[in-house]
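Each structure below is given as structure tokens.
Shared chain: chain A. Partners: chain B in the first complex, chain C in the second.
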Partner chain A sequence: MSRPTRTTEESIARVLPELDYSKIALSLVVMLFFAFFVSPIWTGLVTAFKTTGAVTATTPFVPVLPGTEGFTLAKWTRAIGYLSTGFVNSLAMTIPATIVSVFLGSTAAYGLTLVDWNERLQFGILILFIAGIFIPYQAVLVPLSDFWINLVPLVDILAPVWQLPFLEPDHARLLSLTITHVVYGIPLCMLLFRSYYLTLSDELVEAAKIDGATISRIYRRIILPLSKPMIGVVFIYQFTAIWNEFLFSLTLIGSSSSPAATVTLVLSGMGVDLSGIDFGFRMAGAFVAAMPTLIIYVLFAEQFARGLAEGNT
Partner chain B sequence: MASLSLVDATKEFDGDGGGIVAVDHLDLDIQDGEFLVLVGPSGCGKSTTLRMVAGLESPTSGEIAIDEEVIHDQTPQERDIAMVFQSYALYPHMTVRRNMAFGLEESTDQSADEIDERVTEVAETLDIGELLDRKPGALSGGQQQRVALGRAIVRDPKVFLLDEPLSNLDAKLRAEMRTELQRLQEELGVTTVYVTHDQTEAMTMSDRIAILDGGKLQQVGTPMQCYHEPANLFVAGFIGEPSMNFFDVSLDGRTLVSEEFEYTLSEETVTEVEASTDLVLGIRPEDVEIAAESGEENQFRAVVDVVEPHGNENAVHLHFAEGDGRTFTVTIGGMRRLDGGQTVGVRFPENAIHLFDAETGETVRNRVFEEVEQVEQLGTSSAAR
Partner chain C sequence: MAGSQDTATGSRTIGGGETDWRTRVETFSKSDFVRSFPYWFVPFSLVGMGVYGGIGWNTVISLTDYEGFDRPDYTNLDFSMYAQALSDPWVYLTAKNTLVLLIAFTTITLVLGLLLSILLDRGIRYKEKIQTIYLLPMALSFVVTAQFWLWMYNVNNGLVNAVVGVFGLGPFNWIGNPDLVLGAVIFALIWQYSGYAMVVFLAGLQAIPDDQFEAAHIDGAGVFKTYWRVIIPQLKSSSVSAAVVLMVFALKAFTFLYAMFGQYRVPKATDILATLMVREAFMLQHWAYAAAIGTILLVMALAVVAPYLWYQYGQGSL
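Let's look at the complex of A and B:
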């Protein structure tokens, strides 16, 4: 039998978790890292609401409250206006590129895991896919632009298309960029889906075969619906990667003033002129450009969780 | 409804340093409406055989035919078969209704209404009508098993293949499903091939048993034939629980000599076995007679080790008093009591002993067995099925 607690010290000691120095140190490190990662974002956010004068007049991370002097929304409206074309271009490129690479990655993974054919050949193709992941971007830049300019000049091939309203010949470059991203995305998407398909039971596919389904029907009716959680993951990953990509945009589109320029390309040149750097404007632009990836995270995180829950019931 | 035949079917898998023969020149004929159980230890090729019939493996050589139509070069989709998997392999994202309808949707051009009607009808016979709108994850193992059966039955296939369908169920449910499966198969009259490693399932459910070992067919026959007239040592040891007792003996004149005992054979039996001298004597546990020592011929002294009561019978483990003290098992009535350490007399009735060639394992002489031709008539028989 334990004796009843007598002193206040003892009561407090029972309530408080046991403190030791390593735990305190750990908490401090965590807080330090938190501050380290959050402070630039925070500083950027408050700067985006400051007038040009206030940026230099105030401490960077101290916010200027709405209603007081130095607060403005003008940077945001200007940034949205400045980036709108690039924004639309980026969406027009990223969404199809993501969907197509996720779809093709998933079908490739299906063909390499759950479909029964020559295993040696399957392995060989898998090796090629994996090699595809490790080809550095820099190494392909020259052949890539050569390919799109000399071998497959979409601007000439699809010449009538550019006569349509809202389209300009420069948009051919955006299409090239989209296809390039699809091609570059497939290997990694394939690998992610492959690891998931390996966990699915072979008997599921066999049962469907015996039920009379063809290879494509099995994919559409069994494998694709079961891939939901993985599609969420791969979609987030691909969308973010393609949206934020800069090097291919720079190589294939070239100029931030092109009507086909993507948001990352436009962003690189914004807020810099002879009068200096407009920090507030650049910060607002950065946040506007980052918005879609944030939205995708929020939307798909939920769908991802739901997909997982469905897979289990 | 169809007959199924395998002629010289062989399956080799590529292995390190040469092929591994999983199924070795298998010949098997399964009659229309027959329930055949393929049984054997793991790795004996029984599942591979089933998968060849299903079209999930293609035979290296040989022929598989349904109703005389060669099918082994067809895809699983083209063969009119249904299969129940050990893991059930239900589609987890579909409701029970969709699971059962899937096969009909994929393999026939029936209308949605017809399919739905058929699914509901089959679900009712299987007593899973109220589960139709649930997903497999929300079902118990037994229910999933029924859905898997339903998915196969709904298609009304020519041949029904079952791959260890009961092995994931608990013992009580397994016994229930055994009866249920038999009832269903009789009602539907579908030709069925059932794979199991469990000899009890094989004995209780089948019209005929096919016993495989090392990819080779050992024996095909009714459960009674396989039990009482095993073709070789392997079958004799595999079928029956507790399994048959074996003793190495050599024939010397009229006497079977082992380290533990000397067994004198009758003249007729000696003429049957003369050809070989190194033999294995086999006797089923229930055929050994235990009595007080009397010193009569062919009675040996043995000491009781352990008695396992099963209620209806007792399994008695004994060892011979002579020689190395080889152990063996005897089953006796549940009401007879023996104690550990007791010395008793055991007798092997000559009409119950089996003799096998020690070298080849082939049966030299089986026990005296006359198959019961007539079903016992007890009282008025209710209208047979």
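Let's look at the complex of A and C:
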């Protein structure tokens, strides 16, 4: 930031007589919020390494060190075993759904913003896309489930496919879920690419046209390579969104014990038994389920923030 | 364009009405509209079917008496499901809870997000790192964060009770007490979303030229006055878009509640229209009734979104 901090500090200094005190107060507030945002995650992390006895016997946010009493990795191995199928299902669903929705979002933004064919009509279609971002899914859940169960039952239509090794008829629902995520993911992807394409110069496309390039050539040779930074942003955002999604998983797959259940669905049914909640197990499960999004976030936090900030204009 | 002109002059030398028709088709087929058609029409038809086809179909289903495991019967359409919803006290209860959640969650998240963005904009050290930490909850699934908060709110060993215990309060049964549970859920959702509001406000703050700080400074305005009088009014557009996103989220918030309580039936004090709709449909198979509640939710969301899009259109920022 290029803001002249000196002048603003001077003005703080006028409000509070001593400059240093205000700086200390500022840091304290920053630290306080740091604790506020981190403590649920931190507490969950240290709890995942505790034995059931230590969970109740120790202070929640104080870690138990390896080698000392009350430390265990058993919760993790159990959680990994419990969630592994859901983890694989989620990967198999999220990666293709992300790639296709990002691609279609980019082509839609290209056809609607960089090519001028009818400004009013293009704007109307754009509004329909944008409104699609804000639709509560509750307003389409009933027909959606009727559609996949009765109208297009992939389990019957693709019957021979489910005979293949490693596949089961339940996986038809995972495919339905993948397609559903593509469809409902397109509007936001379109919006993100659009905001990026609007910053590109109009002359870019015009000049290429005068040189005789076709619409598809301009897309492949000019726009797609130029989109690289935005593809990263949209991909990260969309991957996180689809991986974390739950409502479609619950309603289209149905049961957390289904062989096609996604990781969020399995996690939601984890530790639901009469013996009370095994918090260590649950916390380990939460981290296993969140692992891909956490890794992506640690590596690409900046892109994620950009996707969030630009996804709402 | 150059190509189509060539064809046009080429065919004129031959002449005749039929060729004229042919050149027009040829020109049309080379027009930007046709050439760009596959690019936008494929995604548009998918979204059209999924979103708008879905909404239309849902509305029709809401007019039937569709229940149980059969297919819907479209012969007898009426508004009986809406009449039933409007006379159902549970709908009013959930609507009230939805409204409380929406207002409390949106207001506090916005204020907190604004505060955090100003805090980070004060030229503090490690700004990027701190922003990353504040935004971290947004990268997690509600199913994941619900597990964390279930543990945080635990009566006997939870961290929240340990913290309020320092002040000599509690322990409280945050989840089990009907008076506290909605507040506890709202608090957790604020925790998850205030980083988002912060990022939106930070983007707005960065668009404000620095010399306004200097100008206010020369006029003798202090920091607080500068923000209150000069800077915050210019964040109107950021506030509006963040508020819309937060309100729409509050309307459809389902996952956190389901995951926290592990079932369709959430405590009465936290039951909102979104959870009622999913429960009526997927637990009780009252499809038509659920579709009607879905339509009511849609209308509520549109009441938020339509003025927003109109406002954005008026601002020329669409």
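By our rule, the second predicted complex is superposed on the first by the 272 of 313 C-alpha atoms of A that agree within 3 Å, B and C clash if a C-alpha of one lies under 4 Å from a C-alpha of the other, contacts with A are read in each partner's own complex, and residues count from 1 in each chain.
To be clear about the criterion, a residue touches a chain if its C-beta (ideal position, glycine included) is under 8 Å from a C-beta of that chain, and two chains touch if they have at least 3 such contacts.
Bear in mind that the values here come from a model prediction, so they are computed numbers and not experimental data.
Of the two partner chains, chain C is the only one touched by A:V140; chain B is not. In the superposed pair of complexes, A:G124 makes contact with neither chain B nor chain C.
When the two complexes are overlaid on their common chain A, residue A:V38 makes contact with chain C while staying clear of chain B. Judged by the touch definition given at the top, the superposed model places A:G81 against neither chain B nor chain C. With both complexes placed on chain A, chain A has more residues touched by C than by the other of chain B and chain C. Contacts of A:G53 after superposition: neither chain B nor chain C is touched. Of the two partner chains, chain B is the only one touched by A:R221; chain C is not.
Contact with chain C, but none with chain B, is seen for A:G132 once the two complexes are overlaid on the shared chain. When both complexes are overlaid on chain A, the residue A:T264 reaches chain C alone and has no touch with chain B.
Of the two partner chains placed by the overlay, only chain C lies in contact with A:T251; chain B stays clear of it.
Across the two superposed structures, the residue set of chain A contacted by chain B and also by chain C is 209-210, 212, 214, 310, 312-313. Within the complex formed with chain B, the residues of chain A that make contact are 201, 203-204, 206-214, 217, 221-222, 225-226, 310-313. Residues of chain B touching chain A in their complex: 54-56, 75-77, 81-83, 85-87, 89-93, 102-103, 106-108, 135, 137-138, 151, 155.
Of all residues in chain A, only 1-5, 7-12, 14-15, 26-27, 29-30, 33-34, 36-41, 43-44, 47, 55-56, 59-61, 104-105, 107-108, 110-112, 115-118, 123, 125-132, 134-146, 150, 180, 182-184, 186-187, 190, 209-210, 212, 214-216, 219, 240, 243-247, 250-251, 254, 264, 267-269, 272, 277, 279, 282-283, 285-287, 289-290, 293-294, 296-297, 301-302, 304-305, 308-310, 312-313 touch chain C in the complex they form. Across the complex, chain C meets chain A through its residues 1-3, 31-33, 35-44, 46-55, 57-58, 61, 66, 71-72, 116, 119, 121-124, 127-128, 130-145, 147-152, 154, 156-159, 162, 191, 195-196, 199-200, 202-203, 206, 210, 213-214, 217, 221-224, 226, 241-242, 244-245, 248, 251-252, 254-255, 258-259, 262, 273-274, 277-278, 281-282, 287, 290-291, 293-295, 297-298, 301, 304-305, 309, 312, 317-318.
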